[in-house]
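The two complexes that follow have subunit A in common; it is paired with subunit B in the first and with subunit C in the second.
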Partner chain A sequence: MLSYSLKRLGLAVAIVSVAMLLLFAMIYLIPGDPAAVALGPRATEAMREALRIKMGLDQPVWIQFWNFFINAWQGDLGNEVLSNRPVAKVVMEQLPSTLALIVGGMAWSIALGIPLGCWTAVKRGGMADRIVGVFSVAVIAVPSFVVAIYALLIFSVSLRWLPAIGAGEPGDIGDQLVHLILPSLAVGLGWVGYIARMVRASMLEVLEAPHIRTARAFGLPDRQITYRYALTIAILPTVTLLGVGIGQMLSSAVFAEIVFARPGVGKLVYDAILTRNYPLVTGAVLVTTVLFILINLIADLVVGYLDPRVRSRL
Partner chain B sequence: MKQHTMTRRSFLAAAGAFGAATMAVPRFALSQDGSVLTVRSYSDLQVLDPAFRLSLPEDDIIRSIFAPMVIPQAGDTWGWKAIAVDSIDQLDDVTIAFTLKDNIGFTDGYGQMTAEDVKFSIERIADPAMESPYAGDWSALKEVEVKDKLSGLIHLKNKFVPLWSTTLPTPASCILSKRAMEELGDKITTQPVAQSGQYILADWQPKQKTVLRRNPDWAHEPGGFDEIHILPIEDPATAERGFEAGDLDYTWTSVSSLPRLKADPPAGSVVLEKPSLAYVWLGINQDVAPFDNPNIRRAVQHAVDRQGVVDAAYFGAASVGNGIIAPGLPGSRSSVTYDYDPDKARALLEQEGATNLSVTLDILNQSERLTAAQVIQANLADVGISCEIKQNDSGTFWTLGSKDGDYWNKLQLILSRYSMQPDPSWATVWFTPEQVGVWNWERFNNAEYKALHEQGLVESDNAKRDEIYKKMQGLMDESGCYVFLTHEVVGAIHRDTIVPGLKPNGESLFSEFKAA
Partner chain C sequence: MFGVVLVLLMIGGAVFADLLVAAEPNRISPRDRFQGPSLAHLMGTDQLGRDLFSRVLHGGRIALSVALISIAASLVIGVVLGLIAGYGPRWLDNLMILLFDAIKSFPTVMLALALVTLFGPSLTAVMVVVVLVNVPGYARIIRTQTLALKSAQFVTAAQSMGAGTARVLRAHVLPNVIGPLLILASMDIPVVIAIEAGMSFLGLGVRPPTPSWGAILNDGFTAIRDTPWIAIAGGLPIILTTLGFTFLGETLRDVFDPRLKARG
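Right, the complex of A and B next:
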C-alpha cells in the first residue's frame, strides 16, 4: 500500500507541474493588455508601463514562468494587482464557498443517486426502472445553468421559498445552508443521473456474483443482501467516479456562482480573466487544480485500500 | 472503547434532519424594518482611494465614507449639493472660496477635518508624482491656499468650466486626513483609514457584500438607513431575479428587460427609466483599407439603418442618438448630416469601383452589441459589403485599437460604447489627435476639432458652448468615421418603501437613499 501511495503521489506532483506549465502558456496566449484593462481609460502610458513592470510583464516569458513555478512550489502565489492583497488570501477567502457548493452538490447526487441506482437494480425491467432510467438520462443531458435558472425562477421568484442570491450571513450556518440548497441542486442534479446509472450497472453485475447467490441460498433477507453484501462492492466504481465528478462540479460551480451571485473561486477566476489579472488567474486556477488532483488522489487511495487488485496494477 | 459507526439508517436519519432543519429556517427580508437598504453594484470594491478609484460603485462608497466637498444633486437636473462645506463660491474665473462645516471628524482618532486636509487631498490628486489617473480633474489647479482652520481658497491656473460639473461633484473633492495618509504612506486599497462621511465602511466580505453603517459621529444631515448592504452582482439578469425574489431593494436593470418590467412590474416596486450619458456608435478606421477612401466611409454611413439597429438591440426601449453628447447637455444634437439611403450607399460604392468588399466588425461579446452588429451586418450586405462579426471579451476588446498592439493596423469597423460625466468635454476629449491609438480608434485626426475642444474648456457661456460642441460633432460626421447610434437608457427598479437618490442619468448616490 505504501509503494502504491508513493507512486500515486509522484504522479500527482508531475500532473501539477504540467498543469502549471499549460496554465501559464494559456494565460500568455490570451490577447489583451492587463495594465490597460486594470487602470482604465484615464491612465497615462507611463502609469500603464509602471504597472506592467510591477506585474513582471517586462521580463522574458521564461523568467516569468520560472519565478511563478518556484514561488508557487514555495506557497507564494504573489499579490493581487490592484488591491495588492496576497493572492493566496484572496483565493482562500473564496474557496470555502466553492467547497460548500461542491460538497452540497455531491450530497444531492449521493443522497438521490445511490438509492435510485440500488432501487432500479432490484426492480430491474419494471416500470420504476424505466422511469428512473429516463429521468437519469434527462438530468445528465440538462446543463447545470439551465437547472439553476429554472430552480431560481420556481423556488425563489415564484414561490419565494428560498433566497435567489448570495451565500448567507457569515457565521449563520442556518442561513448559509438555506442559501446553498438551490445552487448545490443545480450543480449536483446531473450527477444524480450519472451515479444512479453507475450504481445500477454495478449492482446488476454484483447481484449475479456467486457470493450473493450463496447468501440467497442461506436465506438472508433481500434488504441485507442488497445493502450489506452487494452495495459495498458495487459502490467501488462510483467512488472513483466521484473524484472525476468533483472536477466537473468545479466547472459547473462557475455558472452557479454567477446565476446565484455567490462568492467562489469559479467566479473569481472568471472575473480575473476578464480583467487580465494574471496573478489572480494563475493562483486561483492552480489552487483548484491542486484541489482536483488531491481529491482524485484520495479517491484512488481509497479504492486501492478497498480493492487490493487495483494496488497491484500500478 | 466505544466505536462510532455510521450506518445507512443513521445516515438517512441525519440527512433527513438536516434537510428539515434547513427548510424550517424562515426566510426574511433584510430590509423589513426599513433600517437596512440592500442594493446591487456591478462590481466589488478594489481601491477606496479617491485618487486611484477604478469603478462607479467605488465612487459611491468613497463618497459615502470620505466626506466630499460636494456631491451630485439627486433628481432630474444636473447640479451639486454641499456635504463637507458650509459654503463654496466662485469669486472669479480662477478663484474658489470654501469654508468647511465646523464639526466633521475623522474616525480612528484623527481629529477634526480642517482646511489643511482639503489642501492635502486636492493637491495630492493633482501632484504629477502621485500618478493619479484623475490628475486631469485638477489639471487647472494652481494651489489651495489655507486661510484659517476651516476656510481656504482654491486657485486655478486658468478658467476651467467643467470644475463644477465633473470635478467637484466627484470623489476628486473627497477630503482625506492629511495625518492619516502621511502615516499610511501609500494609497488606500480596501482598508479605509480616517473615515469622515455620512456612513463608515463597517464590513467587507470580498465578492459577497460591503456593509456601510451610519457614522455615529456625523452631526449633519444623516444617511437614510442604519445600514446599506451593497451586493456585487455583475449580471443584470441575476440582479433582476434577486429583486423579484425579494433579496434586493434597488438595482439597475438591463435595457432589454425594461419593457417587460414596465409592462408588469413586480408587486410593491417602481420601475424607472432615465436618460443615459452613454453613447454608442459604429466607428470606421480611416487609416485601414478600404476605409482609407472617404467615399467608402460615407457609403457605410448611408447603408446603416440606425433606427432599425437601435430598435432591434434595445427592444424599442432606447431612441436613436445623434452624436456623442447626451440630451440635456450643451452640444446635444437633434440630427446628423447623413441619412439612411442604401441607394446612395450603392452609388458611392459603384463610383469608387468597390465591389465584393469584405470587412470585419469588432464588438464586445454582449447580447445587445451582437444584435446591433447583426443588423449592421444585414444592412451592409444589402449594399454589397460582406461583414464578418468578431466578438471579443472585455479584456481583449479594450485593447484592439491601442497602438501598443498589432491589431490596430487591421481594425476596420468597431461597435463602441463610451460613457461620460455631465460635461460635453468629457465626450469630446477621446477623439482629439493625441488620442489616436489610445482611445481614438477611428484615427480621426482634425486640428480644428482639437482647437474647438480646448475652446470649450474655457467657455462658460452655455449658448457658445452649445455651438462649439455641435460644430465638433459636425466635423466627426464629415470625416465619415462615425455612425452615431444611441445614448441608450438606464433602467432601475426599487421597492416603493424607499426613495432612491439618483443622478439624472440614473446612477446611484447611496448616501441620498431615504425611506419613503
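Right, the complex of A and C next:
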C-alpha cells in the first residue's frame, strides 16, 4: 500500500507540474504585452517598462517559467490586476461557495443515484428498470446549463417556490441551504444518471456472486442481502468514478454560479475574463485543476486501500 | 428508433432551414419583439423581434458543423498520436501519457475559459477546446490497442517481409484499431454540441448575431422574467439533439460491440 501510495503521489506531482507548464505556455502565448494590458492605455512607456521588470517579463522564458513554477508550488500565484491583491487569496475566498455547490450536487447524485441503481438491479428487466434506464441516459445527455435555466424557469420564475439569485444571507444556514437546492440540482442531476447506471451494472455482477447465493441459502431477508452484502461491494467502482464526477461538477458549477448569480470560483473566472484580469483567470484555473487532481488522487488511494488488486496496476 | 427520428429531424431542420421557414434568422423587427408562439412565429420572437424558429433551425447548422469538424480533427490527431505512443519508443510513450493526463486534469469549462482568454471568443476557440478535450482519450485507446498488436504475429510477419513502419501502421495496425474509436467518437457528438452551446451561452463562442442554440438560451436567460419563450426555444433543441444522438450512440454501440452491452 505504501509503495502504491508513493507512486500514485509521484504521478500526481508530475501531472500538476505538467499542467503548470501548459498553463504557463498559455499565458506566455497570449498576444499583447501583459504590462500594457494591466496598466491600461493611458500608461507611459516608462511605467510599462517598470512593471515589466517588476513582473519579471524582461527575463528569458525559462527563468520566467522557473519563477512561475516555484512560486506556484509555494502557493504564490502573483497579484491580480484590478485591486492588486494576491490571486491565491482571492480564489480561496470564493472556493468554499463552489465546494458547497459541489457537495450539494454530490448529495443529490448519491441520494437519488444509489437507491435507483439498487432498485433497478433487483427489479431488472421490469417496467421500472426500463423507465429509470431511459431517465438515466436522458439526464446524462442534457447539459447542466440547460437544466439550470429550466429549473430557474420552472421553480423560481413560474412557481416561485425557490429563490432565483444569490447564495443566501451570510450566517443564516437555513437560507443558504434553500439557495443551494436548485443550483446543486443542476450540478448533480447528470450524475444521478451516471451513478444509477454504474451501481446497477455492478450490482447485477455482485448479485450473481457465490457469497450472495450462500446468504440466500441461509435464508437472510432480501433487503439485508441487497443493502448489506451486495451494495457494500458494488459501490466500489462508483468511488473511483466520483473523482471524475467532481471534475465535471467543477465545470457545471461555473454555469450554475452564473445562472443563479452565486459567488464562487466559476463566477470569479468568468468576471475576470470579462475584465481581462488574466492573472486571476490563470490562477483560478490552476487552483481548480490542482483541486481536481487532488480529488482523483484521494479517490484512487481510497480504492487502492479497499481493493488491493488496483495497487498492482500502477 | 427514437434516437434515429430525433437525429434525422435535427439534420433535416439544419440542412433545409431556408426552405422550412421564410423568416431570415438575423432580421431585426423591433415591432415584433417578445411575441409568444403563433402561426407566424412558431416559437415566438426574441428581444430584437427575430423569428426564433428560424434561429433555432439555423443554430442547428452551427451545432452540427462544429461537432463534425472538431470530432474529425480530434480523430485524426488522436489516431496519429496514439499510433506514435503505442508503436514508438517507451520513453516517448511515457511522456505522451503524462501529457495526456495533464490535459485531462483541467476541468473542461476551466480549460475552455483559459483558452478563450488566449484566442478571444470565436468558433475556432470552441473547436480547439473540443480537440484538446477529446484527443487524450482517443489517443489512449489507439495506443493501448497498438501496444497489444505490436507483437502480434501478422505484424511481425509484415516487418520480416520488409514493410516499413509507415506501411505496418497504415495497412496492418490502423484497420484493426479504428473500429471501437469510431463508435466512441459518434457518442461524443452530443458532448461536443453541449460544449459549443455552453460556450456560446457564456458569450465565449459564436459572435452575435450568428444564431447558436447557446446564444439563444443566453438571450432567453436575460429576458427570463419577462418571457419564458426565448429560453424554452434555446433549450429545447439542445435537449432533443443531445438525447437523440445519445440514444443513437447507445444503439450503435450495442449493434457493433455487444460485449459492452452487459456493462450498460
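Convention: the second predicted complex is superposed on the first by the 274 of 314 C-alpha atoms of A that agree within 3 Å, B and C clash if a C-alpha of one lies under 4 Å from a C-alpha of the other, contacts with A are read in each partner's own complex, and residues count from 1 in each chain.
Basically, a residue touches a chain if its C-beta (ideal position, glycine included) is under 8 Å from a C-beta of that chain, and two chains touch if they have at least 3 such contacts.
In this text, all values refer to a predicted model and were calculated from it rather than measured experimentally.
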Return first, second, both or neither, reflecting whether A:I233 touches subunit B, subunit C, both chains, or no partner chain. neither
For A:L182, using the defined touch cut-off, is the partner it touches subunit B, subunit C, both, or neither? Pick first, second, both or neither. neither
Now for A:L268: first (subunit B), second (subunit C), both, or neither, which partner does it touch? first
One more residue to check, A:A201. First (subunit B), second (subunit C), both or neither? second
Does subunit B (first) or subunit C (second) touch A:A151, or do both, or does neither? neither
For A:V192, decide between first (touching subunit B), second (touching subunit C), both and neither. neither
Mind working out whether A:V91 is in touch with subunit B, subunit C, both or neither, as first, second, both or neither? neither
Thinking of the overlay built on chain A, is A:I258 touched by subunit B (first), by subunit C (second), by both, or by neither? both
Please identify the positions on subunit A that touch both subunit B and subunit C, taking each partner from its own complex. 30, 152-153, 157, 258-259, 273, 276
Could you list, by residue number, the parts of subunit A that touch subunit C in their complex? 11, 14-16, 18-19, 21-23, 26, 29-30, 137-138, 140-143, 145-146, 149-150, 152-153, 157-158, 197, 201, 247-248, 250-252, 254-255, 258-259, 266, 269-270, 273, 276, 278, 281-282, 284-285, 288-289, 292-293, 296
Subunit B contacts subunit A in the complex at 8, 15, 18, 21-22, 25, 27, 46-47, 54, 131, 133-134, 136, 189-190, 205-209, 231-235, 238-239, 241-242, 244-248, 393-396, 398-399, 402, 404-405, 407, 430, 438-439
Parts of subunit C lying in touch with subunit A, wherever the complex brings them together: 98-99, 101-103, 105-111, 113-118, 190, 194, 197-198, 201-202, 204, 217, 220-221, 224-225, 228, 231-232, 234-235, 238-239, 242-243, 245-247, 250, 262-264
Write out the stretch or stretches of subunit A touching subunit B in their complex. 30-34, 36-47, 50, 82-85, 90, 93-94, 97, 107, 111, 152-153, 156-157, 160-167, 170, 174-175, 177-178, 181, 227, 258-264, 267-268, 271, 273-276
